[in-house]
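Listed next: structures, encoded as C-alpha cells.
Below, chain A partners chain B and then partners chain C, in two separate complexes.
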Partner chain A sequence: MAHSGFIPKDNLNSVIEALSKKARLFVPVEEGDLVLFKPFAAGQTMCFSRPANLPPKAVIFPQSDVLFDFNLKKDMENLKKVEVELKENLDFPSTIIVGCRPCDAQGFRIYDRVYLEAGATDPYYKGRREKTTIITLTCNAPSPGCFCTSVGRGPADEDGSDLLMTELPKGYYLEAVTDKGEAVLKELGLADGSAYREEAEKAQESAAKAVRKPFASLEKTPEKLIGLFDDQQFWEAEAAKCISCGACTYLCPTCYCFNITDEQAGSRGERIRSWDACMFAHFTLEASGHNPRPSKAQRLKNRVGHKFSYYPTRYKGVTACCGCGRCIRYCPVSVDISEIVAHVQGAQG
Partner chain B sequence: MTLSKLKELVQQVLPEVDVLIGYKQGFDPVHATPAFVTKPEQINDLIWNPLCVHNLCSYLPFMKDKKVGVIVKGCDSRTIVQYMQEKLIDRTKVRVIGIPCRGVISVNKVLHAVNHQPIESINFEGGNLVVKTPEGPKTIPMDEVMPAKCSICQYPTPLNYDHLVGEAIQSDKPKEKVFEDIKEFEKLSLEERRKYWEKEFDRCIRCYACRNACPMCVCQDQCLAESRDSHWTSQRDDLTEKYMFHMIHSLHLAGRCIECGECERVCPMEIPVAKIKKKIGMELKELFDYVPGINPEDTPPMYTFKAEEATIQEHKL
Partner chain C sequence: MTEHHSNPYLPELATVTRVIEETPNIKSFQVVLNDPAKMKKFFFEPGQVGQVSVFGVGESTFVINSPPTRMDFLQFSVMKAGEVTAALHELAEGEQIGVRAPLGNWFPYKSMKGKNILFVGGGIGLAPLRTLILFMLDNRSDYADITILYGARTSLDLCYKQDLKEWAARSDVKLIQTIDAEYPGWTGKIGMVPNVLKEIAPSAENAVAVTCGPPIMIKFTLQALSQLKFTDDQILTTLEKRMKCGIGICGRCNIGDKYVCKDGPVFSLAQLKDIPSEL
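Presenting the complex of A and B:
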C-alpha cells in the first residue's frame, strides 16, 4: 500500500472536522490533566502531544456492553411456561478513531486472534471492529515506562492501524496501511505526501532508538515462565508491593477479559458483558466457593504469564503485551511488568 | 542526614523482622516505589525524600503471619493507631520506624507543572524542586506541588512508633484551616455540587485502586462492589453505579478514615475522592468531636452502636 498524503499543521483540525461528518469519530481530548478518547465535538481541546491515559479499547470492546435485552413472558394458558423474548444489540455505527498510538492499535490485533480467529467468532467484537477505521499517530519520543521495541513492536509499527500519521515540523505525513485507510485518504482528497516519506522514516527510526530496552529477547520467556510456575517464593517477592487492584488491566490496550451478568428488574433485563480483571479475587472464584488463585501473587503471575507465555504459546509467538507502559506509569505503587519479565529471564532454573 | 540515620535504624530492626517495608526509586525519577527489604544488602536501595508518598501501613493487615518493620510518616502513623483500635494488626509483631515529615509531593502536580513532559531528573534544593525535562530545567517551590493534606498537616511527627529518625517537629499549620476547603466547597449550591460530582465520577473506570490502596478498606475480597452472591451492585458502567460504589466506600470509612489521601493519589482517572471522605470526617468531628487514628484507646464512634451518643447533649432531654 503506497498511497500517502500530507496535512499541513494548520489544516489538521479542519481535516478532523471533515472526518467527523463521515462517521462517529473518537479523538484524544484533554480533560483536566488527563487525555481521554471522546466523541468529537466542537470546542474540545484535542491533545496529540502525549499518549492518552486510557487506550481507545472501549470503542471496540466497551467496558459494559449490553449483548441483548430480555423479557420473560408468562404463557397465560399455562402459567408454568415462560417464554423468553430476546432483542439483540448488533447494530454498530461506522466509527473512526484518530490519534491512538501504534501500541493501542496493536491491542486490537491481540484481540482479533481471540475474538475473530480462534474458531468461535464474537459477533459484537466483529461488528464493531469491521466498522471502525483506525488512524494512528506514530510516536516521536517514548513516554515514561514505554518498552514497545522489547516486545517486537515499535513507535511506528503499522500492525492494527488503517492509516499511519507521522508528525513532522511542517505537518503530518500520512501513509495508508489497509484499503480502509486508503479509502479515507482518497475521500479527504489530500495532497500527495511522497515527498515527505524519507523525512517521516527518519523521524520514526530516531524514535525507535530512544525507547528503553528493559529485557533481552523474548524467545525463551514462555518456557521460563512455565518453569517458574510453582516457584511461590519468586512470585511472592515480585507481587509484594502489588495492591491487587485492577488499574493495570483496565488501562491496558491488550487485556480483554470480561464478566457476564444478567441485570434484571422484574421480568425485564439485560445481559451485559463488562470488563473484568485477573487481578480481582472474584475473577477466579468458582461457584463451589473454591478459588484457585486466592493470593495476589498468583494473580500477578497469571497476568504476566498470560501476556508473556500462554498467549504467545497459543498464537505463534505473539506477545500479548504491546509495551505501552501504562500499567507502569499509572500503577498506584509502580509495579513494573518489564522489570518482572527481566527477573523471569534472569531467574535460575 | 535523615537517610543515613534511617538506614542505621533499618539495620538495627531488620534482624528482628521477616521483612521491612520502606521506599526505593521507581521506574522514573519522579516515582518512588515500596521496597520490601529482607536482606541487609537491600538496605542500600532505600531512599528518603518527598517522593516517598505511599502509606506503607496499608500492607500490614494482609501480613499478619509475619513480623514486619515499616517506615511511617506522621500522617501514615494514624493508620497504625486506627489498626490498634480496630485490632487489625498485632502491634507486638510490627516494628514502626517513624520519620518526622515536612511534606511530600504530588506526582500529578509535578507532571502538571512541567506540562506532562517526561522527567529526566529531579532534585530537592531547599524548599524547591528542580525538575529537568527535554524542555530544560524548571524550579518549582515545594509548596506548589504538595498534596492538599500536607498544607494542613497537624501531625508531622508520627503519633505511634518504636524508633524515631531524628527530632520530633511541631505542626506550623493553623488548625482552623483543616476543613477550609470543604467549607468552601459547601458554599456551592446543591445543584452545583451534584453537577461537580457527576462530572468527576463519570470518569471512574471501577478499577478499585482507591479501595485497594485504602489502608482501612480491609474487606477487599468480600467487597460488595463485586459480590455476585448477593449481587449488590450492577456491573454496568453508568454514573449511578459508579456513584453508588463511591458512596458505599465513603460511608464504610465514616469515623475510620485517617485522611492519608491514598484513595485520591492512586486514582488513575484523577477523581478527587478524598474530598468525600474528608467531608464525612468533618461531620464526625462536629457530631462526636472525634478525630480517627489519634489515640489507640479510643473506640471509633460508629463502632459503639449507642442510641444516644455521649457527646450529643440534646438527646438527654
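Presenting the complex of A and C:
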C-alpha cells in the first residue's frame, strides 16, 4: 500500500516553503483575474481553490525553448571560411510542481507517448520530465466546462502524478503514487495520514459524480470522426463561430505541436522551438502556396480529430484530451469541444 | 561538437563540396559531413530525406537524391521557393550547413526485385526517383525492364541533364523525355506527362510504377496508371507536407493518424486510399 501523509491546514505554507529549499518549485499564483504557475517566492499567496487558467505544461515543455546555440566563427586568414560551433544545454534543474490538477498531470502522460515512447526521444522534454516531481491536488468540485469523467479520467486520477493531495476540512491528505512521490513524503517527514484515507476517497467520489457528462462513451468515436472527414457541411457548422485565435490550443494541457526557428544576432544565434497550433492557417502552408488545410473548418476538424481519433488510433485507444474544460471556459466565442464530440457521436455517417 | 549524439534536433555539420546549377531555379548541392568517421558510417535507404539547415535562417526538408551505393557525398537538389531555399541558393563551395538525416521511410526496393519498373517524374519530382533509379542501375541485374518517363515545363526546366544523357545512352534503360510545349532546339516528345504516359502505354504486368511531381501531375498520372490497369498496390509515390521536427514529434505533418515524416514520405496508392483525403 502506498504511503500517505497528512498536513494540517495551517501548516501547508510552511510545508511548501520547506519543499522550495529542495528544488525549484512551481505553484499556482493569482495574478489579476488569472491563476498561473509561477516559481515559488516566500510570502506569496497561492491559489488552490480553482484550476489554473494555464496548465503547468510550460514547466516541462516551455513555450519557447532553445534547442542549441550556434556560433559562426570567421577564419581571419581566410574570411570566406566560416567554422560553425553548436552548443546544446541538456542540464535541467530539479523541479517540483505543486497544486496542478489530475487533468494537467494526465497531460504530461499524453506527451510522454509522443516525446519519449514512440521512436525518437526528445532530450529536452525527457531531461525536464525526469527531473520534475508532480504533486497534484485532487478536485473537490468540478469547474464549469470540466468533463474529465467522459474521457475516461476523473478528479482523483493518479496517472501522471507522483503524489496526490486531497483537501479535507482539517487539512490535506497526501498519497504517494510513484517512488518520486514517496521520496518527497519521506523528506517532509509528515505524520502518517492513513486515518484520513476513507474521508479523502469519499470526497473524491462525490466530486466525480458532480462532473457533467456531455457524452456517454467514446466507443466508436475515432471511426465516427473518420466517417465525417469529408462532411464539409458538418465541420463548417461546428467551426462557424471560431475566429482562429488559437487560444484553445495554447491553454490546452495536451496540445504539444511546435515550430522551429532560428534567431541570429551578429555571428551568434539560437535555434528555438516554440508552441505552434493547428488552428492557424500558416501551420500547414507550404512554400508553393499550397495549403492542405486552408479553412478554419478543416483546422478545427484536425484539432478534434487529433485528440479523439488520430491519437487514440496510434496509442491504443487513449484519448488526447483530458477533459480539463479550459478550451471551453476561455474560448472567446464559446466553441465547446465536448459539444462537438457529442454532435460527432450523434451524426449520421 | 558536443558529446550528446542522441539529440535528434542537433544537425551534423557538413561542407558543401559542389554546387550544380540544374535549372534557372534548382541547384544541386553535394555535401560531405565534416566528421570523416560519421561520413564513413553514414547509411540511408533510397527515398529517405534530410533536414538541411542554413544556420541563422532555418531548416527545410529535401530528399537525399544520390544513392546509398555512391557514398562519396550526399546530394540535395533545392528548388528556390522561400527563405531557406533562397539562402541555400546563395551558398558557395566550401561553406557550412547542417544536416539531420536520414529521416523517414524508403522505397520498398527489395519487394521490387524481378519486376519491371516504371518511373514517372515531373520537374524537381525526379529528385526522389533519381536515388532509386541510380540504386537500381547499380544493382541492375536485380530488376527487369526499367522505363523512365520524365517531363518538365520547358527543356530548361529538366534536372540532372548529365544523368539524362547517360540514361539515354544505355541500352538497358528506356528513357522518354517530354516538355509541355514546343521549345527551340527540342527534339524529344511534346506533351504533358500523363498524356505521354497513356501514349507509350507500358504494361502493368509484373510492374511497379513510382511517381513524383507536382500535385496536378500526380493526379492525372494516377488516373492514367489506373487506365493502364496498374493496381493501387503497384503504384508508389512520395508525399510532401510542411515539416519541422522530421521525427514524428512536432505534430505538423499529419494526415489523419499518419505522419508524413515518419510513416512516409513514401506511400503506396493503396495506403493513401486508406488515409483521409487531405493532400
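One rule holds in what follows: the second predicted complex is superposed on the first by the 341 of 349 C-alpha atoms of A that agree within 3 Å, B and C clash if a C-alpha of one lies under 4 Å from a C-alpha of the other, contacts with A are read in each partner's own complex, and residues count from 1 in each chain.
We take it that a contact is a pair of C-beta atoms (placed from the backbone, for glycine too) under 8 Å apart; a residue touches a chain by one contact, two chains touch by 3 or more.
As the structure is a prediction and not an experimental result, all values here were calculated from the model.
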Fit-or-clash call for chain B and chain C when the two complexes are aligned on chain A: fit
Partner chain(s) touched by A:178 [first = chain B, second = chain C, both, neither]: neither
Contacts of A:310 with chain B and chain C, given as first, second, both or neither: second
First, second, both or neither for A:11, with chain B first and chain C second: neither
Which superposed partner A:261 touches (first chain B, second chain C, both, neither): both
Touched partner set for A:290, first chain B, second chain C, both or neither: second
Touching partner for A:345 - first (chain B), second (chain C), both, neither: neither
Which superposed partner A:81 touches (first chain B, second chain C, both, neither): second
Which of chain B and chain C A:53 touches, first, second, both or neither: first
Partner chain(s) touched by A:119 [first = chain B, second = chain C, both, neither]: second
Minimum C-alpha separation between chain B and chain C after superposing on chain A, in Å: 6
Common ground on chain A, meaning residues reached by chain C in one complex and by chain B in the other: 259, 261, 285
In the complex, chain B residues that touch chain A: 19, 26-28, 31-36, 54, 58-59, 108, 111-112, 116, 118-119, 134, 203, 205-209, 211-213, 220-221, 226-228, 231, 234-238, 262, 265-266, 268-270
Chain C-facing residues of chain A, complex: 67-68, 70, 72, 80-84, 86-88, 90, 114-115, 118-124, 226, 229-230, 256-262, 264, 269, 271, 273, 276, 278, 283-288, 290, 292-293, 298, 302, 305-306, 309-311, 313-314
Chain B-facing residues of chain A, complex: 31-34, 36, 49-50, 53-54, 62-64, 141-145, 237, 240-241, 243-247, 249-251, 259, 261, 263, 272, 274, 277, 280-282, 285, 328, 330, 332-336, 339
Residue numbers on chain C that touch chain A, as the complex places them: 1-2, 4, 6-11, 13, 53, 55-59, 81-82, 85, 92, 94-96, 98, 215, 240-242, 244-245, 247-252, 254-257, 262, 276-279
